[in-house]
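Going in written order, the chains are labelled A, B and C, and every chain counts its residues from 1.
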Amino acid sequence: MAIDQNDLQRRHAEYLTRKKKENLKYTLLSVLGILLFLGIWQLASITGLADPKRLPAPTTIFQTLIYKVGNTAPDGNTLFVNMLASLQVALSGFGVAILIGVPLGLFMGWWEYADRFMRPIFELVRPVPPIAWIPLVVVWMGIGLQAKAMIIFFTAFVPCVINSYTGIKLTSRTLINVSKTFGASNFEIFYKVGIPSALPMVFAGIRVALGNSWSTLVAAEMLAASAGLGYMIQIGRTVARPDIVIAGMVTIGATGAVLSGLLSAVEGRFLKWQTRH
Amino acid sequence: MTDKAKRQRIRKILYWGLPVLAILTVVLAWVLFSASHPELMPGPVAVWNRLLRTFTKPIGRINLLGHAWASLKRVLSALVFAWAFGISFGILIGWNRTARAIFGSIFEVIRPIPPIAWIPLIIMWFGIGETAKVLIVFIGTFVPLVINTSTGIRAVDEINIHVGQVFGGSRFQILTQIVIPTALPHIFAGIRTSVSSGWTTVLAAEMLGATAGLGSMVTKGWNGGDMALVLVAVITIAVVGFILSTLLSKLEKVVCPWNN
Amino acid sequence: MEQLTKKMEIIGVSKTFFNEKDYFTTLDSVTFDVHEGEFLVLLGPGRCGKTVLLNIIAGLVEKTSGSILYDGHEITGVNSEVAMVFQKMALMPFKTVMENVELGLKFKHMPKAERRKICQRYIDLVGLQGFEKAYPSALSGGMKQRVGIARAYANDPKVLIMDEPFGALDAQTRYAMQNEILRIWGEEKRTIVYVTNNIEEAIYLGSRIVLLSQCPATVKAVYPIDLPRPRDMVSPEFMALRTEISNNTDLSI
């Protein structure tokens, strides 16, 4: 043969170095982008182009973040207490929404009569934006943990149901018929064929639910709370401390990103486990 | 034979009876709950009367439709900017890897911050005027547009680009005449998300400070202990949201006629 | 008789794909000529290398080594004299039949009236008159591939590359389309390079057959087909040739 294996190995090595260089280049460009962004911001503060009373420099924000780790001023809680308060509310509402919403959606998608009964109720509730629930729930239940968890529940519940419902409705007819010919019962087909094939859609719904939960939580805490990251930025505004506000925004964003990363990890585990079976 | 007919009859009754039963259950629950706790939840009649009063005794001299229009106007003006900038930015970072590395990273850093969390900062910068509200809604609508557009552009099958190359298209022609139209359903999904996200964000912005708009009605009712007004506002919000999403479905059929 | 002018020469073309962990050779020193005006069939088993080879000939994919001569000159990059009919049809769902067909001419900025006239001719040639304003989603598989063929011809290529164009069609439609493509080839004399994994199709269509091996693909043999057209698939000569090629083919096709 005309192909020389040694030559190919050399080319492969070349390819790997080229690839590595390319990856390095784009990583550097990404870092450069962020640095440029922070640099221009910092420069604007230093030169006085941006009023520090409105837009403090990134370094100031960093200092505020460090300060907030150990200090309670001005909102009365340290950063971690606020973060834990927010996480507790968001995750409890989110968790209950998954526990109820996903089975309900799957159930509605699989059994026609359940669908006929639940769907009209669901269609009535669906167009109400998550935030609009806040005043109702606050009047009903006050501003405690349960009330806020309830608000989060409403916002996370809808996407969980919709996606589980759609996911299981999309189960391949062929697969169902094959299972039927092998004598599986309806319930067996439901959990051995229906649920696994709906899982990717279910996870997509959970992802939307997580995003909704986190952003509604901030709204709820801004409107009615005595602790939490949303509360912290709201107080930051009333006492005219933009550094507190931005530090809070950064924490909210970072925590949200970590949560979404965790969800991806769980999803990867789960779906891989599914394909292996 | 009669057995089968009987079963089919039961089936039919359940099929049409269940949705009716569901709605009745909701209405009944509402009526019963409001009868025992009128201060927590006004009944349907009270809400209806309150709805009529928003026209006879307008809030801040603006009737219900006026408030709805105030909210809608903010969303629409934000959407015009968000569509223009969001779609172009999405195309840029979806098509060009260098641009994606430089600007995409900044976007990725800012993206996890929920639009609502921008409200305090924007209010500090711009007060609580129209600019501030439109800007907040803009942030809420910009993000999903960029994500959907850039994903759509990157998801275009390589074979479509090959077609463009074989038939002598320049890189720009391939982008504008093949890649962007192919990504249009994705872009439209972004538009759809941007509208519902914008509609949510405008409420939050209005609830935190406004004299007109459905969000301000909610706050007014809430602060004044007027739960009927809160419900009127919430129902109106839901109805407008529903109309918007229906209109978008229609629009999608007009814009993407091949996608039926 | 075939003219023996060499339109293209594929000389020692190899292709190896690399990834992080491994590399994989799909083409190993493939060498053959494409004669002016002929209907050349590349026949190969399974899914190995054929599409890559066509993509290399069209200049869409870089080769690892070897060279491709067009009219005696080395070609790098996309060859504008070559058009392609794709296996997956690859029509633009958002363009009507007419807009799909005029894609190449529009890229060349040809005035609308002129390009419409040319495209109409090819739409008529493939038998799609009346469907100019239809979207691909409204067409059957066979009709879609007719659009693909018209699109390729409208670009006025010297060489037409077809990548298993009828592979996705049912047997009936496939047979009709084979005759159709022969008719079009008869009317519009162009060089055709046609890929298939089906021996009967290869013998039925080809002026010559280049038989490729299993992975990595190499040229096993070249068969000139002198059977008179239209060919009879059950004639003894056809069957004999079929057996001969079949015996020389790696594994089953």
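Going forward, a contact is a pair of C-beta atoms (placed from the backbone, for glycine too) under 8 Å apart; a residue touches a chain by one contact, two chains touch by 3 or more.
These numbers come from a predicted model, not from an experiment.
> Among the chains, which is located farthest from subunit B on the basis of C-alpha centroids?
C
> Counting C-beta pairs in contact, does B-C beat A-B or the other way around?
A-B
> Find the geometric centre of each of subunit B and subunit C from their Cα atoms only, then give the gap between the two centres in Å, rounded to an integer.
Roughly 48 Å, centre to centre.
> Cα centroid separation between subunit A and subunit B, in whole Å?
Each chain reduced to its C-alpha mean, subunit A and subunit B end up 18 Å apart.
> Would you pull the subunit B residues touching subunit C in the complex into a rising list?
Going through subunit B, the ones touching subunit C are 157, 159-160, 162-170, 173, 177-178, 181-182, 184, 256-260.
> Which subunit C residues qualify as touching subunit B in the complex?
So the residues of subunit C in touch with subunit B come to 55, 58-60, 78, 80, 82-84, 86, 88, 90, 92-95, 103-104, 106-108, 135-137, 151, 155.
> With touch defined as at the start, can you tell me which subunit A residues reach subunit C in the complex?
1-3, 8, 11-12, 15-16, 19
> Which of the residues in subunit C end up touching subunit A in this complex?
12, 14, 16, 18, 20, 23, 25, 28-29, 64, 216, 218
> Per the contact definition, I'd like the list of subunit B residues that touch subunit A in the complex.
Residues in contact with subunit A: 14-15, 18-19, 21-23, 25-26, 40-41, 97-98, 101-106, 109-121, 123-125, 196, 199-200, 203-204, 207-208, 218-219, 221-222, 227, 230-231, 233-234, 237-239, 241-242, 245.
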